[in-house]
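Two complexes are shown next, each including chain A; its partner changes from chain B in the first to chain C in the second.
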Partner chain A sequence: MLKLFEREILSVDEISQAQTGINVRDLCVHLNSKLVLNNINIRIPKNKITALIGQSGCGKTTLLNSFNRMNELNKNHQCSGEVWIQNRNIYNRKERISRLRRQIGMVFQRPNPFPMSIYENVCFGLRIQGENNRRKLDDSVERALKNAALWDEVKDRLFDSAMLLSGGQQQRLMIARALALEPEILLLDEPTSALDPLTTLYIEELINELKKQCTLVIVTHNMQQAARVSDYAAFMHRGELIEFSDSDSLFTMPAKQQTEDYITGRYG
Partner chain B sequence: MFKQLQINYRQALAETTSLLCVSTLLIFLVSMVVFIAFQGSQYFIPKLAYNVTIDFADGRQDVFYQSSALDSRSLKAQIDSRYLGQYLSSPQNKPEVEVRLADDVYQVMSESGRVYFGEFHALSSSDQMNLPLSELSSLLNTVALLQNNLQQVQNGKLKDLHQSIALLNSKQVADDTPARKAQMKEFERWQGHVTALEQQILQYRMQLKQANGDLISLALNDLDYLYQPNQLDTFDKLHFTFSKIGQFVSDKPKQASTAGGVFPAIFGTILMVILMAVVVAPFGIISAVYLHEYAPNNKVTGLIRIGISNMAAVPSVVYGVFGLGFFVYTLGGSLDQLFYPQSLPSPTFGTPGLLWASLTMGLLTLPVVIVSAEEGLKRVPQGLRAGSYALGATKFETIIRVVVPMASPGMLTGVILAIARAAGEVAPLILVGAVKFAPNLPVDSDFPFVHLERQFMHLGVFIYDGAFHNQTQNQSSSLMFATCMLLLIIVFSLNISAILFRHRLRHKYERA
Partner chain C sequence: MRRQIQLNTHISAKFNQELEGLKHSVLTMGGVIEQQLVNTLVALQEKAPSLAERVALNDSKVDVMETQVEQECMRIIAKRNPTAGDLRLIMTVSKTATDLERIGDEIARVARLVTLNKIPDSELVFSGMLDIGNRNVAMMRATFDAFARQDDKAAILAHQQDRDIDRVYKKILEQTAAEIQANPGDINQWMDVLWAIRAFERMGDRCKNICEYVIYLTYGRDMNSALMKKTVKKLLK
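For the complex of A and B:
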């Protein structure tokens, strides 16, 4: 198995409070009156990459969405339990949802650039916050694009429409757009499922670089990708968390039969 | 084998039937446009002048000049047919008609829009008679100079005197004070001067000999232009056509809307439509945003949607009646009582006018705008909204910064369709403010410059008027067709610009 980086991976039980990026306690989510997440407890480690795997409809995306409360876009939505990020329960009533979402970036399955220039796409979040200082915006845009390994390709055409970029470039632009807000956590919802293998590899390298800056959670259907990229992996099935451990042990010697069946392709 | 044939036959039938429908439709459309363009262009093309002689069986003779676009044979047939029915019982008494081209005849257009035909007889000035035609330009110059003088006196000295006398009146100075007497004397002196000038101007005249030998005399200050219709070369004809088009779009109607131009109608239509767009665009777009983005997806919203669609199907005259009853009488009446009590009982806003017409048309076109704006909002992908939310934007920020810009093509289409509809509407406008002739434009140099309470002219109403009230006159029906053509051009160009706009915005926002 290809390992791109030396890893310093603790086992799941050894993760201390300080090393926890997201702490989920007893999370249950109903969408459209259907139980989608059933009593999830998971501690996602800080500055590591955690992959969520499982078959379609098992609740991976819902779990991801509950980290930045995107589930609430669905009006028919109920949720109980707690999600702690940096000693705050984000489901607390006092939590400001727009502030929360600024701290937690999200990249979607399909690139969804706004119909604006590349520059405006990247500084969209900053402008929302009321930042209009041109120099600060310039700096943030440059930093974000460099972090997303897109700067060299677009630095000469920052003011062209973002729609003109290729799929892979658009997806990196989406990462840059999220990074411009300097988030603590970056959520990636199948970020490479619409891309070709080479671009996928490119983005995987990028993700690996990013864990220096933030905690990453990635949803993927691609077992190889999960094994390649992630430090930790969680297997979910029908709304329940079946197994959560470091990727090495989950992919080489899974503790549960269900997990083994899934990763070896026997069902799902 | 037979089955195969049957299937082929059915396919062919389906194909040809649909093709037939489309081609019929196309033929109707094209022939309508061609017909209107042909009839309308008659107004701009110089016509030939004919000398028509009609010998009646009882010895009477009618001789007159007639202008017509037809050749002499068809004109004769046309005039013959006029007597055919009249003398059906005694065909032997049917008059002899003779039609000749009248080569030397002049056609004279007067400022008031009247047309005279006749051979040139003489010009006369204040001191000379029987001047030749070559003197015309110098005489016209003299007349213009005199007119200028007259105007200066009227607008300068006479106006000042008038004002100072009015001032004395308002101060209730007695009639026999010396100052006032002096003023009155001065006033009378200038008044006499003006009368003398007017008399002098009227002495500059042109005499034309009509076909039956009678002389007609017309004052040169009323003369617009004259030409010999049968002696125009191609260049003259082109020049005539273009100047006629220029007059059509820049002049006001003359001779009870049978001649002149339609500028007040164009102006009124555009102003009404702009006012309507200013009202209906924000209102409709904000309603659509509420309905699509904020309103809960339940039965009440569904009912509201059905209501809006049905509003689009209400006959327009009903809107007119509503506008008259609500806007004009109720709203306008209360405005008058609140703000213009001094001029009651004569109404200011409580009468049909531009503002009420715009509001009525706004109400009429609101469903169009709402429906197409909602279509535009539906086209915005859900992923984009999610992307915006994920960056910490609130719902309002998402709508303002992402959703509305992306839905703008649909919204714009709605507004332009509404404008096109309002430009062509007639029935409600007659009720709420459009008239067949308005003496003043709604915008002028008097304070407050835009007079929303005034009645205005509208192209659609102008056509309606032309169609129903001037059916007999050839010239007026071609003016009506010319106006139809203009309206068609305006509506077509609006629709085409809507399509182009939508295409451009789509290119900008929806290139994925």
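For the complex of A and C:
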């Protein structure tokens, strides 16, 4: 039969072990004695963009933070379950957090450049790792800035303060800073909520390009953005994962009534 | 105001691809339909039931294609929230796919006349059917060409070809009525012939609809509205 449109997206049940970027098993997280994540099981596909959607306080950011163990910055944190990345359970006692966070980059809602030059911002992580070879640093900075679609705008002023850049440029600088470490996974926590619509589209296009290099997980309140940018989407509610499927299905024919109610603006 | 829709200018490269793919899919579907009609006319002319049978069977392919186009339109609307020209394009594609599917049904109806061996003996009616069929092929080609290029003038010119089809249709109807009066015993066979002639006329109407969608796509207005009538006159000058 003639096929008019090619689809490369697999359904979530078809994702094999080799195609899984992050495998979460029975994850429960308590913060300040409150159950924030309740028994989450999800397999996030490799080299794809997965969006986490849901109301405020439903646990999206906590789930994102549990992928690089950022939740542990809260002292009243308890967690059980497993998160497997590259055949390693990152909650294993022997796991080195510095190594883990080198593998997993993160970009936050508001750009937070350090009060130093653009160049130093990008190579900050590499310097912390002990890399001081100027040529290697130059190469990494150029590559990261090019990948973040910022190079052409800043190549003549790499040693100016990063604080002088516009909001959109600062956010792309944050992406470049994360990319300089060549992460396998990039976590984005509402990366465009402080940006204008056109800059948002540029960053979304950039995110789409980045999936060739790494697995991306994006938390967003903007449902249209989740629909536009993601290959897979997970809907969460009150700490539980309600539905996880490819975005085409989730936004046209969700399996659960609760998801349909949320994405059509009937509650929440 | 006339607007040419630029498909390749979105920031999102994927969206560009999706819209290109959608437009391309309708043209592919149009190509299949055109081939179906040409095959039907060959089958009619050569009285070849096997070819006509193949046309009738192929119609299910067209139905599947329509479903695929509809689903893709829905997916793009849900995921991209298209606006303005992009939204008009998607609605146009969706409606065109529906009309193409109906044209496919009409073609299958004519093909079945050949498979059931109910081709009229009357030379006048038979040649009239071939004439209206060939006119339909010409109109269809002009319509798809106008659609592919989003060419408003070409769409209006293709739209006008339906007048000729209607004229020929009326003539064949009169000839058929005369034949029926002469041989009232064969009324059952003539009923099928009448349906087939009617099918040719409907194909022209469907092509006319597609031309109107092309005008809607470029101007955002119904072709038959008072405001568009002036524009149409101007274009034809």
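Operating definition for what follows: the second predicted complex is superposed on the first by the 261 of 268 C-alpha atoms of A that agree within 3 Å, B and C clash if a C-alpha of one lies under 4 Å from a C-alpha of the other, contacts with A are read in each partner's own complex, and residues count from 1 in each chain.
Methods note: a residue touches a chain if its C-beta (ideal position, glycine included) is under 8 Å from a C-beta of that chain, and two chains touch if they have at least 3 such contacts.
Note that the structure is predicted; figures quoted are calculated from it, not measured.
Of the two partner chains placed by superposition, only chain C is touched by A:224; chain B is not. One of chain B and chain C touches more residues of chain A, and that partner is B. Once the two complexes are laid over each other on the shared chain, residue contacts for A:248 go to chain C alone; chain B is not touched. Looking at the shared chain after the overlay, A:84 reaches neither chain B nor chain C.
In the superposed pair of complexes, A:129 makes contact with chain B only, with no contact to chain C. Once chain A of one complex is fitted onto chain A of the other, the partner contacts of A:235 are absent, as it touches neither chain B nor chain C. Counting contacts as defined above, no chain A residue meets chain B in one complex and chain C in the other. Residues of chain A that touch chain C in their complex: 1-5, 198, 201-202, 204-205, 208, 224, 227-228, 247-248, 251-252.
The touching residues of chain A, counted against chain B in their complex, run 68, 70, 73, 75, 98-102, 105-106, 108, 110, 112, 114-115, 124-125, 128-129, 161, 163-164, 174, 177-178, 181.
Residues 11-14, 21, 25, 28-29, 32, 61, 64-65, 68-69, 72, 74-75, 78-81 of chain C are the ones that touch chain A when the two sit in their complex. On the chain B side of its complex with chain A, the touching residues are 296, 381, 383-394, 397, 401-402, 405-406, 508-512.
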